Structure formats: C-alpha cells, structure tokens
C-alpha cells in the first residue's frame, strides 16, 4: 500500500522527453505506473536506452534484461551499447533524472544506499556514478525503517553513495525537496497531518509555502 | 626502378596470417606486390581491418578510404571501427608488423620519419604509436637521399618518431637487420658489391655470415 | 587467421593462478559452456573479473563454489547469497569497484593506457588517499588500468577470424574485455564464415580475439530464468 | 526527443569563439553541408578539432581560408599545402597530437574522465616534462581529456531521436566526438523514423546527440575525388 502510494506519486515526476535511469527494486516498478503514452527514454546501466515494461514469457528474450535481471521489452528508437558507453552516458550527465532507493538520506541531500557495514555489502554497482553525476536524483523510500526509525536524517550515518546529490524525496508520508536552505516539506500523504510527518522525521523540515496532500 | 626493387623484396616479408599496417606512401603500394592468395589482414589506422587493393572507379565507395586518402577495397572478414579502437589495436600490439618509410634510421633502430624542423612538419599522424608499439617495424626507404647522403645513420639527427623500434630495413641497396650487436647487413642488391654498400652507408654495418643478393 | 578451435584445447591454455575476465552482466554474455569446461579441467587459484557473481549454482558461481577461485574483482554480487556468504566468512577475497569504473579500468587497459583520472567516489571510503593527486588546480583520483591474462565470454555470432557481434544486453563488458586481455576465448552458438558479418556491424574486430569455440547453447543457462518475466 | 531541426537553427547555436570538434578522417565523416552553413553564417575566432584539415578548398579548409579559425587542434595536415602555409606564416595556430592520442583525449572527455596515463612519445619532443609523473615505479605522461562546446559530423543514417550509424571509414572520430562535446549537431542524408535502426546496430546512441539535420549530399564533396582510385 505504502509502496503503491510512493509509486503513484513518483509517476508524476516523469515527463515527456526525459531520459531517466530507474534503480534496481522499487524504482524499476515505476515503469508500470507511467501512462502508456508517456514518451520517455529509460536507461538501464547494463547497456540499454529505451527500456520498456517487463517482458512476458512470450516476449522475453534471454539476452535482454535490465540491471536488476528482469527480462524487459524495448521501445522503438532504443539502442544497446557496452558498459563503458553506458557509464560514459551517466558520467557525461546525459540522463535527466535517476530514481533510486535509499537506506538513509539527509537534509543536505547526502545519500546512503549501497552499504550497511557488517550487515549488507553486496557491492557498489552503478549507484555511485548515477548519484554523483545525474542532474536530478529522485529518492523513493519508505519514510521509516521497519523499526520505526526515520530514514530522513539530519546527517547520514552510513557510508555515502554520493554527497549532496539528492533533489527530491518521495516517501509513503511526504514529498520533500533538498534546497540550499534545507529540506522543504512540499506535500504530505492524504490522511496525515504536518505534525505527524514532522514527528516521524529526524531531519529538520522547512514548511513550504503551501503543503499539499498527495 | 629502385622503388620497385624495394617493394618486390619487401613483399617477401609478408607471410600468411599476418596482421599488418602499411604506412602512407611507398608502404601502401606493397599491396600490389603481394601474391593474390597471400592471406593477410591489412590494418589502416582510419578504422579498417581487412583493407585490399585500391578500388577502381567502378568499385570505389566515397566513404571507404585508407589512411592516405585512396579509395580501397576490403576483403571478406574485415571490420570497420572508430579511431579510438583503431589505436587501441595498435597500442595493444595486435599488429604483427608495421611497414613505414623513413627520413633517417640508425644502427640502434631509432627512427625519424615525421618531421624535418623548419622544412616539413605536417604533423604526427599515426606514426608515433605505430613505431612505438608494433612488434616488428619494417622500414622501406631509398638508401640515400637525393643529394647522395646516407639515410642509414650511426645516429639519427632529426626528431625521433620512436626509439629503438626498427627490426629490419629494406632499401634499394640492401637489407639490414637491427640486432643487439648493431646493424647487420643481410642482403645486397643484385649488381652491387658489399664494398659499394658499405661505402654508401653512414652506419657501421656488421657483415652477416652470408650476404646474399636480392 | 582461422581461430576456430575445440573447447578442450582453448581452455587448456589457462594455467592455475590465471587472471580471467569473464563477460556477462548477469546471464547475458556469460560463457556458461567455457566455464563448464574450466570446471571440468579444474584450474585453481584463479582471479576472476566479472561484473557480478552470476547466481548461486550457475556461471562463475560454480567455479567459486568449487573452490577454484582465489579472488573476485567485481561490482555487485547482491543476487548471489552463497558468494556473499563465502566473502563474509573469508573464504573468498572480493574486491569491489563502481560499475562504470570497473568497465573503464578494463577499457583503459584495452586502449593500452596505464590509468585514468576520475572524481567518482573521490571523497568516499572506496578511495585510498594515496591515489589522489593535485592536478590542474583540483583533486583527482588515479584509477589504474586493469589487465588480465585471459578473457572468456559469449558472442551471439562470430566468424572464424574472430569478428564478433553481441545480442541485446549480452554486449556489456565483452568488447572491453576483448581489448584488455592477452588471450581472448569466445564461445558462440553461431559460427559463420568470414564475410558473413557486414564489416559495419562488427562489434569486436577479429584482431582482439584469440580463439573461437562453437557451442550448442541448448542448456537451461541459455534459456529464460523463471520469475524474471511478467506472469 | 525529436531532434530533427533545420540547418540554419542548428548552426546558429554556435557563437563566435566556440570550440568545435569536426568529424571526418579526410572526407568520409566530414559534415560538408554543416560547414557550408557555418561559412555562410560567418562565426569567427573558432577553435577546430579535427584529425586533418581536409584538402585545400573543401571542408574545414574553407573555414580556415576564410579567416574564421583561430586555432586548429589536429594530427596531420600533410594533404593541405594551403593550411601548412598558413601555419608556417603564423596566421593559424596549429597544435598537433599523435592520432591515437587525439582520439583517446576526445574519448576520455566523452567518458567523463579528466585524463589518462600513457607512454606514447614520452621521451620525444612532443612531451613537456611537466606532464610526466612518477607512478608505480615508472614514468608516465598525463594526457588531459579534450572537451569541446560543439561537435559537427556526418552520419550515414540517423533516426529523429539521434541514433546514428556510420558508413565504412566515415566512422573515425565521430562517435568519440559525440560523447565529448556539449552540443552535438549531425548531418545525414538518410533520416529515418525511430525504430528503423536495429538497436544492436546503433553506433552512437541518441543520448549523445543534440540536433539532427537532413541534408542532400549531392554535392561533389560527397562524391569520389579524382586520382584516388586505380585507373
């Protein structure tokens, strides 16, 4: 439910003409929430521009996967390329937006999503380059972890993926923008009060001029 | 005449299965001296593996030239690639031999063929990388310049293309090998005596066990 | 120029202790048949360089599980719990790089250069301060080229000279590894005569390929994996 | 995502003083029609980056002869006596690099790196001692990446998104320049709809292309040049 709320809201961030990368996991699911006529170019770091929805058994090709290992379709006007070219595209900032998950994100826009020392360290993958080099980083995550601790922090505690890289955060409770003044609360989930969101958030939240519901 | 002698002799250096680069000018003409069934892969640094003879008006394609600007044909099993890949091939020593011209070459195998200060400096082209990185460098040049000065020197005087890179030199007068002991005279042109060749050469020539005619 | 050979001879070129680049991002591009032969011949103390560790029970995971691998240089092994466990219990040495940096290290070796200057992860824990230099008024990291003795990967099509094309996302690291390794062994289900591949469509030119092995590719590793498609 | 535009608007993006990479090794890949429009619009103080200077009277030689070019970064201009003369009399600044080094400098920019380490020409007159560092027990030269504001080149085929393929040796520097320049303007005689180019055969993916201009390519520059073929 909370996942669906995040994805539905996030779908509005994707506009016609954009080139975007969707991170493994929740961000990848965003494809299914986009209107069928949304004219976007989805980049997958294993070497695809123009990724589409997941393929069915009938349409799946064993040689065509996304970075998460799912069989995908492609749209007309797509291209395949090697991993060096794929990351050249990333480092040269040819992507308009990267959508990523987070373990922690803080009010300065620092992002931690690759390692939990002693517990989870499967490697870096493409996250570091995507986070450091994409113009806009959109974070999708639950507002709190399963123990009820805020993932939206004053200061990240885990090893960073990249410094000051995040533009916007969409959680099941709120939409927040990283600005030079700090983290601005833009929207709150329907049924919640601003106080409840502030309460559930470790970071200092600046209240936007108008805080709408989503 | 002297050119033809050089090219005819040089054609024997090319054996089946080799991958070779032929420098602009005289070396390129070597293609026409190879037996039709000589199974070689000719590299041209503008992005061809599998170059063949010059094309005729009927077969020429405006988009298919060699590094010297001539329209060429290609053999089955060739490939086109960009300039970075072309020079990756050179720097990774995937060529068995480069055939080049020379202004000067010396008994240590130093080569000068890109610049004559104050007189000729059209640029470096691919010569420096070919000379520095190819396993075997075969030099084709006239033994003396038009003023009768030896091009085969004790020590090069012009800016070097690469140091100690030359394996073998074929001139209109002689075939010489660069060895760790010095420059060894292997063959002399028919009609010449060893004395005549030595006389015409600035470099110290070591006489090979058997000096044959070619 | 004919590089077509039998699999036993091609893999027998690999000694114990070799550094081997293995193509493939996940399954596409992974040379499952060459790996099977390496498993059969049993070379040990190998250092493998691959984007990932495949998944438990397939691909290079089999070599790791079989104890033939001393070290893995990779970018992400999250889809292979078994290999994560072997790393955590210290029986497998694992070295991680950001994905594009691993690709670029290999490509830099392939270009015959020694290293490149980058700012990726410059101030993160992946950067050793000794690799940072002051250059043109800023700090940059020197990332060394990554060479290997061997590269093994899968090509959708190959001619007997070794001109290769890749299918869809099976390209990934393969063309880079072809340039970077000394000896390059390629498996393909479609071995064709020279001239069958249009020169403009060649992804890896023959000069970078040492041996081509024709394979069957009828095994389940080459087929769809369950649960990875829309039901 | 539609990058198809008219030539006047595409070239009008270029200001005086711009750095412009121009594709082409000799004629193939050279954007003769885009160059013609640049000549017509008359931008000045340009720095051009191209493998060569074309030949007297065609391609970038026309821009140089017309006084629009301040500096040329190149590798070999031996086929253009006029430009050699302009260099020798001091009216054109020319900077030379070895061919593969020029390609690699551009490609390094295209990969988002700052430079690379090489030994090409290390002890020759092309190397300034200040660019040499001691690294891992040896001397290497730091070769900086070469970026540019614009890249202009010719593609044999393009779709309206900017996916490109090149014909034969017209590829040369074009895919590298597409990656390295901020704004990439491509001319093509064959403009097709997205989906017409098989994704596995794309040489330059659309993400690297800014503008695509459809041209006629019926001029003599696009045809065979006399004396360059066997009689």
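By written order: A, B, C and D. Residues from 1 in each chain.
Here is the rule we use: a contact is a pair of C-beta atoms (placed from the backbone, for glycine too) under 8 Å apart; a residue touches a chain by one contact, two chains touch by 3 or more.
Note that the structure is predicted; figures quoted are calculated from it, not measured.
Visitor: Return the chains common to the contact lists of subunit A and subunit C.
Guide: Under the touch definition, subunit A and subunit C have D as mutual neighbours.
Visitor: Which chain pair shares more contacting C-beta pairs: B-C, or B-D?
Guide: B-D
Visitor: Would you identify the chain whose Cα-based centre sits farthest away from the centre of subunit A?
Guide: That would be chain B.
Visitor: What whole-Å value do you get for the distance between subunit B and subunit C if each is reduced to the mean of its CA atoms?
Guide: 36
Visitor: Rounded to the nearest whole Å, what is the centre-to-centre distance of subunit C and subunit D, using the mean of the C-alpha atoms as each centre?
Guide: 32
Visitor: How many angstrom between the C-alpha centroids of subunit D and subunit B?
Guide: Their C-alpha centroids are separated by 29 Å.
Visitor: If you average the Cα atoms of subunit A and of subunit B to get two centres, how far apart are those centres in Å?
Guide: That gives a centre separation of 57 Å.
Visitor: Specify, in ascending order, the residues of subunit C that touch 2 or more different other chains.
Guide: Residue numbers touching two or more other chains: 104, 107, 111-113, 119, 166-168, 199-200.
Visitor: Going by the contact rule already set, what residues in subunit B reach two or more other chains?
Guide: Within subunit B, the residues that touch at least two other chains are 48, 80-81, 84, 87-88, 90-91, 133.
Visitor: Name the touching chain pairs, would you?
Guide: A-C, A-D, B-C, B-D, C-D
Visitor: Within the complex, which stretch of subunit A touches subunit D?
Guide: 17, 19, 39, 41, 43, 49-50, 74, 76-81, 84-85, 87-95, 133
Visitor: Along subunit C, where are the residues that touch subunit B in the complex?
Guide: Subunit C residues touching subunit B: 1, 110-113, 159, 161, 163, 179, 193-195, 197, 199-200, 202, 205-208.
Visitor: Help me check something: in the complex, which residues belonging to subunit A touch subunit C?
Guide: Residue list for subunit A touching subunit C: 44-48, 53-57, 60-67, 69-71, 80-84, 86-88, 90-91, 122-129, 132-133, 159-163.
Visitor: Provide the residue numbers of subunit D that touch subunit C in the complex, in ascending order.
Guide: 104, 107-108, 111-119, 133, 135-136, 140, 142, 144-145, 165-168, 199-201
Visitor: For a test of understanding, state which residues of subunit C touch subunit A in their complex under the given definition.
Guide: 25-29, 51, 74-79, 84, 96-104, 106-107, 119-121, 123-126, 156, 166-176, 222-225, 228-231
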